[in-house]
Amino acid sequence: MYTKSELERFVEQAKKYARYGKVADYIPALGKADPNDLSIAICTPDGNVIDAGDTTHKVTLQSISKIIALALVLMERGEQEVFRKVGMEPTGDPFNSIAKLEEVQPAKPLNPMINAGALAVTHMIAGASVEERFQRLLQFVRKLAGNPTITYSPEVAQSEFETAFLNRSLCYFLKQHGIINEDVEELMDLYTKQCAIEMTCDDLARIGLIFAMDGRNPLTGEQIMPLDVARICKTFMVTCGMYNASGEFAIKIGIPAKSGVSGGILAAVPGRCGIGIFGPALDEKGNSLTGMKLLELLSKTYSLSIF
Amino acid sequence: MYTKSELERFVEQAKKYARYGKVADYIPALGKADPNDLSIAICTPDGNVIDAGDTTHKVTLQSISKIIALALVLMERGEQEVFRKVGMEPTGDPFNSIAKLEEVQPAKPLNPMINAGALAVTHMIAGASVEERFQRLLQFVRKLAGNPTITYSPEVAQSEFETAFLNRSLCYFLKQHGIINEDVEELMDLYTKQCAIEMTCDDLARIGLIFAMDGRNPLTGEQIMPLDVARICKTFMVTCGMYNASGEFAIKIGIPAKSGVSGGILAAVPGRCGIGIFGPALDEKGNSLTGMKLLELLSKTYSLSIF
Amino acid sequence: MYTKSELERFVEQAKKYARYGKVADYIPALGKADPNDLSIAICTPDGNVIDAGDTTHKVTLQSISKIIALALVLMERGEQEVFRKVGMEPTGDPFNSIAKLEEVQPAKPLNPMINAGALAVTHMIAGASVEERFQRLLQFVRKLAGNPTITYSPEVAQSEFETAFLNRSLCYFLKQHGIINEDVEELMDLYTKQCAIEMTCDDLARIGLIFAMDGRNPLTGEQIMPLDVARICKTFMVTCGMYNASGEFAIKIGIPAKSGVSGGILAAVPGRCGIGIFGPALDEKGNSLTGMKLLELLSKTYSLSIF
Amino acid sequence: MYTKSELERFVEQAKKYARYGKVADYIPALGKADPNDLSIAICTPDGNVIDAGDTTHKVTLQSISKIIALALVLMERGEQEVFRKVGMEPTGDPFNSIAKLEEVQPAKPLNPMINAGALAVTHMIAGASVEERFQRLLQFVRKLAGNPTITYSPEVAQSEFETAFLNRSLCYFLKQHGIINEDVEELMDLYTKQCAIEMTCDDLARIGLIFAMDGRNPLTGEQIMPLDVARICKTFMVTCGMYNASGEFAIKIGIPAKSGVSGGILAAVPGRCGIGIFGPALDEKGNSLTGMKLLELLSKTYSLSIF
């Protein structure tokens, strides 16, 4: 069905849009990316991975990590506890907005895909220390991808740790309102490491497949996360996975997906495949411009929309 | 599969929640509803309708009409023209909010399911007069439901016309910003008639089936609306069909649906069935409390979630 | 003290800034003004008027009328009734903003100098018909200026009546929340006539003197408005008379003043003089750029700041 | 003119309102105050202080310190530099609001009396260390009050330092937008010490007199701050000194004043006197309820309004 040569053709087509995008430059480590890079991998239930582009490139998860941390925390804490601290509603505001927290009472982040909500989720990762909590998350990521060598970029983590003033602003606001109660610097340490976990788009595709298969690894038969958790995550991917372009993405492409400002996209086509993309040319909302083009070509060609 | 006796049992279960809800009372005609009313109909691709509760009760469409008007306008004008005047993004704000129109430039309603967006959509219904435009919409509704006797309640329309100050405020705001350019009183006349179209939950279920079958009437084989239009409508149902509880509804129930303050819900389970509900006991966000309970029971029992 | 030749010198100096300003063009009648026009009149307690520039030009009051309508309504209704419908607090938002009405409960305009508040004030002008209410206001204006020939520009009123969509939006919002309860078109008729009352800057200066003298006409000895009313009006002039540049104006110039988008400014230096200015070159907040320059020169030269 | 016995009578009258107010309780040190406490001091240009109530009670400055820090920074940096980092406009929002910072571009606090603006001002206090900067401010306070024994409450400072999450949120937001660039913990250290400077209402009255006399100590003849700085401070006291009740205060009382959540009020009647009040029973906006009653009685009796 999906052939490497077709993927390669799609990559060439999508690359033409690179010049309309811009690499994220708010941290030096991301700014070094080449906007013309574009790679994709598709992982099918039989475990096969078809890819195209320079798939040796590694991408840091950034906001993609939000959906994985959410899955972990839902497993560890249960729906009820998690949704006491973070809501389920999409928002028309940018991902880093603080205004809504003040307007709506109580000051509970609207959903776990905006920064405020993601910080509340990471806050809930259990463990006695930042190190222990981070290892727990990293082990979960490795298990999802079936790749025990996945690690994080200390350089990117450090760079973000030093400049994440807006996230600290959100953290203190949440602390004021009792949503989080840990030391903000510790939470920032954990959160920036989480965002700096890096992998290839093959790894991303394998993780996508687990979500696509309702939490089950189709090769080993292991249920890595409960069906309900996988379903909740896919729902958030649809309603708020692509920042405040999620609505348009749902209409035009219709695949549960989560993007990051590094240019990565993790997508899960229910029952069919996982998709990993790395294309650092971003549009003004922070989504990979070339990556979305690529997904649009795939979705139209293979009728992948869930709607 | 779906049996009448099971539906009747579900109705009894869901009715218990009626006392936590409240009938909409901002217009006298709606205030007369009995909060303990609850009826449901399911229409399957073979055209069979199974229903339960007092299904002779008629419900005015109210906000449910937004999704039908959107389908009509997408057919008449095309995606490009429609989305020049209204956006595709869900919003965390209440359906009747005006603040976002001022905050975001240009002053384009975020999506067609909030009032501002729905008014922009109704504005686009073609025709030389309010009467002609309304007849076009009504014919479309009748065709979707396969019921040429459907009409509207002049009493409800009149009552809303006289009290719709907030909608007029939205209209003038949109007119100031060039989103609409017709006479506001004419648009209000058309819009309040649109909202006052009334039908039984059997009719609602039949309309839901058309959306569920990608726009095709499975009995006659007629493609009543193009596949793309049906898909766009279902996407909006998921991302913003249940007011600012759409996110939670997607997670807990996962069925494309659109509700109205009359207590009606139109739902479309892709490929499987259309569902019509009438339960006027509303929660504080304006959704039918008993209706959502009923859909939750159905979704869990028959695994109807699209996620 | 104030000499005509000095005023003429100031006018020449201030005129140089005309090219940084822009004439209001949202209604044709205002757009015809010449940005290089600039005239000023100062009326002292002995009744003398010194003026400079082309003082035969007439200016429509526009927002300047808000402070006069407020005085009338405070006299007719009393403080308590007036401040039930409109607040006393300055706002950092633009004069035509609607967002704050939605954010703050109850939906009471923050002050009578923003459009929402001014509409609520005009709504309170007593009378059996628009015509009777307008005549009452006009008589009051004539009495303040000591000029029975003052009237309004039907052309400007009509032009604004036809295009005032944003004000209609505010009216319906206020009607929804019970702040006003009259027919919106009638209120708009009255409000646009109020805004279109026109006079020379000599007239403006004479009205300013009445406020400066605590409501008393120093020549006739007549108390045209109670001291408390005059004081309240001067306070609003300071805290919100110059749109959302009032704070800066208070610091740099420190004279109670009210401006209009026609380029007019009415100022009252307590105990010392009334000032009328007409300079249609506006800054981006809607205040007369040349007029403010002129007031700054006057305030610095004659130490007119109340602070 | 002002007699002790009359002041004592006013204090008794105003105390009756204590039961409608509430002591600030967000930090333990403030929560221990007795809502029935009420003291006042008036300092006239001849240096006489008349007081009433238990004037040995000390009050921490809290937000009153904002106006003193502003005066210091205006002297040290000049108007131009200060107003590059903080605006001059009143706002209808609460003093600790963050939403407006996000809505308005650039993210410059609207004025120096809201917390965001005050933090930007304190950030500008010059010095090589927190200690040196604090000593500079403290020396300035002592000079204004003519009392070299004034110091701060380490207990209150520490208590606020530990709980000031919202202020830290504001600081990081300002840091993100380049308004401040120092270490947030150092700024919080300095700011909480500034807020914890404590004094009697006699001291407050003496400071008020300096502002009332345009920056000059009438006894020594020393110009402690330039006339322009004193005038700017009094203007801010009028437009935004009493939180988002400043407009009402200006209308009803009309005296330049600054309040703090400790229940203190510093007031300056131009050319006539300085007033210090301590009354910890607060209204819902954070102003001393009994203190404002007292000022209203004074203002009405002695016609102290500047309007």
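Chains here go by letter, A, B, C and D, matching the order in which they are written, and residues are numbered from 1 within each.
The definition used in the following text is that contacts are C-beta pairs under 8 Å (C-beta built on N, C-alpha and C of every residue); 3 or more make two chains touch, one makes a residue touch a chain.
None of the values given here were measured: they were computed from a predicted structure.
J.: Would you mind naming the chains that touch chain C and likewise touch chain D?
T.: The shared contacts of chain C and chain D amount to nothing, since no chain touches both.
J.: Taking each chain's centre as the mean of its CA atoms, how far is chain A from chain C in angstrom?
T.: The computed centroid separation for chain A versus chain C comes out at 55 Å.
J.: Taking the mean of the C-alpha atoms as each chain's centre, how many Å separate chain A from chain D?
T.: 47
J.: Touching two or more other chains, which residues of chain A qualify?
T.: If we look for residues of chain A contacting two or more partner chains, we find 103.
J.: Looking at which chains touch which, would you call it a line, ring, star, complete or other?
T.: ring
J.: What chain-chain pairs meet the touch criterion?
T.: Touching chain pairs, listed by label, are A-B, A-D, B-C, C-D.
J.: Which residues, counting only chain D, touch chain C once they are in their complex?
T.: Chain D residues touching chain C: 87-93, 100, 104, 110-111, 231-232, 234-236, 238-240, 244-248, 250-251, 254, 256, 270, 305-307.
J.: Which of the residues in chain C come into contact with chain B in the complex?
T.: 97-99, 102-103, 165-166, 168-173, 175-176, 184
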